[in-house]
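Following this line, the structures themselves.
In what comes next, subunit A is part of two complexes: it sits with subunit B in the first one and with subunit C in the second one.
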Partner chain A sequence: MSAVDTLMPDMLLKGFDDPVDAGGRAFRALLDAMANPGTPFSITCPAEHPAQLSDAAAAVLLTVSDYATPVWLADDIASTDVQSYIRFHSAAPLTDDPAAAVFAVVAQGFEPLMATRFNTGTEDYPDRSTTVIVECAGFTGGTPVQLAGPGIEGTTRFAPHGVPLGFWEEMQMNNAGFPLGIDVILTAPGHVCAIPRSTLIEVN
Partner chain B sequence: MSTDTGYNFAYLDEQTKRMIRRAILKAIAVPGYQVPFASREMPMPYGWGTGGVQVTASVITRDDTLKVIDQGSDDTTNAVSIRKFFAKTAGVATTDRTTEASVIQTRHRIPETPLKASQIIVYQVPIPEPLRFLEPRETETRRMHALEDYGLMHVKLYEDIARHGHIATTYAYPVRVNDRYVSDPSPTPKFDNPKMDNCPALQLFGAGREKRIYAIPPYTKVQSLDFDDHPFEVQTWEQDCALCGADDTFLDEVITDDRGGRMFVCSDSDYCRERRDGGHVGAQSPEAAE
Partner chain C sequence: MPITTGDAAATPARSLRQRWISACARTDPDQLHILADVLGIDGTAFDVLRPAENGLVMVRGRAGGTGQLFNAGEMTVTRCSVRGRSGHVGHGYVAGRDKTHAELAARLDAHFQAQPDDTTLPIVAELEQQIGERAHARQQKSAPTRVEFFTMVRGEDE
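Our next item is the complex of A and B:
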């Protein structure tokens, strides 16, 4: 057992085995997801991740967050484990203010997303909006919705389960505010799927 | 992972890549909108594709196959040096075949071979702001985009018609992306504009000196600006390609002697070679001369 293990048992979980290579591959999954809304992509995940965070959500944070991007965590995620994991691996400052967050993580469950509490950007700089990672149980078996818009050939059907209560209605409102709005990355074990603000949603 | 050059994979450090990657994701989420980014100095001068190189360096992985073209050609200086740059710093496979490439960096052309889903095309962009030559102030052009105030651009196109009888803009012809942002397709000939519409490939644009990244996701509506009575149209040629006989490609004029001799050949060197390999013959190809 090394000195670090002795001093901080259970504290330091491993991140990516090879941060450069894995980070690049994980980003390509994110890029594919954002460019093809409603289509799930398998993502390269870190070797270890805290229990309160899915492996895919951990992969997203380690890939795109760093000291320049304040991260907001929902209450049920903000455990000491998760906080020290993010601080150690990405050095991202943690914030209590969802409107100040560049990235936010929302736990799986039925709590409404409350999309408007996040930063939706400004008319001059719509890019300065929060990217919200929404944990869900899986990408099939939920209420099906029909998606259309940039990145989608015609329309596509998507039915994730375990999304927040009223999620699709909130995402419709979010799309109505285009070009302002948040961009959502849904995460399920080992996979990511994006719903950017540009996606049109039809709830059947 | 590092390479034997001593640089990080694909030259850029990881923090820079993360910053560029965040900008790219936002650029895709707001198609056609120019995302500011902290462009780095690259080991090549501005105007040589520093923006495109930074975007490529941030998206490329070891498994990719890279193609680089300059004015349609794989073997001009700019294309050769950028291809060598990534072969050296990222150790990636390179190709000059459009169909084999997963990432294509381009200066001023879109390949004639239709792009596929899962391919990424990275454009090198000198001036990303389509309104810049009409309104020099960044604060103003930013407001104009925010308010969707593109009247000035239509006035410019109208003045073309008033002066020349037709829209005289032949390259960097402005497009409207997803019915919202007017964007600059980079100085590609307007011949290539229709290829951007509903394209299955992801299109990324990098402007190094101007520090902007923008994107067009796959299957996105890209409309060239025009008028009902002066609809958008692309260039046509009276000649076919002198080497491969193609009658539907963008042609370059090549001066062959000092007595007015000239020939027209495909600007896309890979497409032209593929056609010649397939047995197509042009008026001045060696086979025809025999």
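Our next item is the complex of A and C:
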């Protein structure tokens, strides 16, 4: 329920209804997703979110980003709405440099991910890498791939659609660089699914 | 930075919005309730963007107003942000832990932004006057308890 009749552009939007409880639940969903690569999980979403950002991507950003985590936004997403939304609700600094970002958001579409432009961590601290939120249209109906590795019993099939062009090839390259690399959180309306760097990918 | 006195209206450079935010923060919550009722401000006309939350801020100062910056100590602050029907976003930052006070202050901020300044000015002036009077009364009450410290000159080697 909103007191405003119509949401206008440039209007500051609501975040989680109950930031502590909802943030905790969304974080739990992210933990589950990271522990079970290739399996979609529903995530608690904010009451309102900017049009350029899916509700799930907004939920991830509000849950994990804070003043100490620079966020990089793809050009298609970096609208004033999204910027003020992130600044107001999470206080995260926005950066123009993908390699400096702790979290990054890539818009749905066919732009290549260009995984190597992000921070892949260092040999000493591989955890200091960028976690990339990749928006996609849905978790079914795309080109199926077979996933294996930590968190997956045997193998699992996964077919998200609307992923960036050459996404799986880039993710294979990313996995080849283990322990360095980026971790990816795919977001579709209301849901998240993780592809960490440890996941082996077989494109059929 | 000069030391700010209790009289908010004394500094001319402040915008009207700064003045009402300050006045709402320093006015007694019960009085703000009455003011909100008089102005017809209804809680359902606002979306809460950031629910009232308590936190700490570091109060910093300079000795004598010109010395080195030092941390005087932390104080409790409650903040809240709301959005009115017109889309104006109101912020309330108040000292202490009174969440309803912060929310009221935020609603009033959003309300005043949507109103013409000529309507708001007399209300703000009235609030400032009351704040000034209360500060004055408090000073009057505490003035007799003031203790002057001085050092007695002692005779040398006696």
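The criterion applied here is as follows: the second predicted complex is superposed on the first by the 194 of 204 C-alpha atoms of A that agree within 3 Å, B and C clash if a C-alpha of one lies under 4 Å from a C-alpha of the other, contacts with A are read in each partner's own complex, and residues count from 1 in each chain.
FYI, a residue touches a chain if its C-beta (ideal position, glycine included) is under 8 Å from a C-beta of that chain, and two chains touch if they have at least 3 such contacts.
Since the structure is predicted, the reported quantities are computational estimates derived from the model, not experimental observations.
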Touching partner for A:Gln83 - first (subunit B), second (subunit C), both, neither: neither
Partner chain(s) touched by A:Pro19 [first = subunit B, second = subunit C, both, neither]: both
First (subunit B), second (subunit C), both or neither touched by A:Asp124: first
Which superposed partner A:Gln172 touches (first subunit B, second subunit C, both, neither): neither
First, second, both or neither for A:Thr116, with subunit B first and subunit C second: neither
Subunit B versus subunit C as contact partner of A:Thr156, first or second or both or neither: neither
First (subunit B), second (subunit C), both or neither touched by A:Thr39: neither
Intersection of subunit A interface sets (partners subunit B, subunit C): 18-19
Contact footprint of subunit A on subunit B as seen in their complex: 1-2, 8-9, 14-15, 17-19, 21-31, 33, 35-36, 58-62, 118, 142-143, 146-147, 178, 180-181, 200, 202, 215-221
Interface residues, subunit C side, partner subunit A - complex: 44-51, 81, 83-85, 87, 89
Footprint of subunit C on subunit A - complex, ascending: 2-5, 8, 11-15, 18-19, 88-89
Subunit B-facing residues of subunit A, complex: 18-21, 23-25, 27-28, 30-32, 34-36, 63-66, 68-69, 102, 123-127, 129, 131, 149-154, 178-179, 183, 196-198
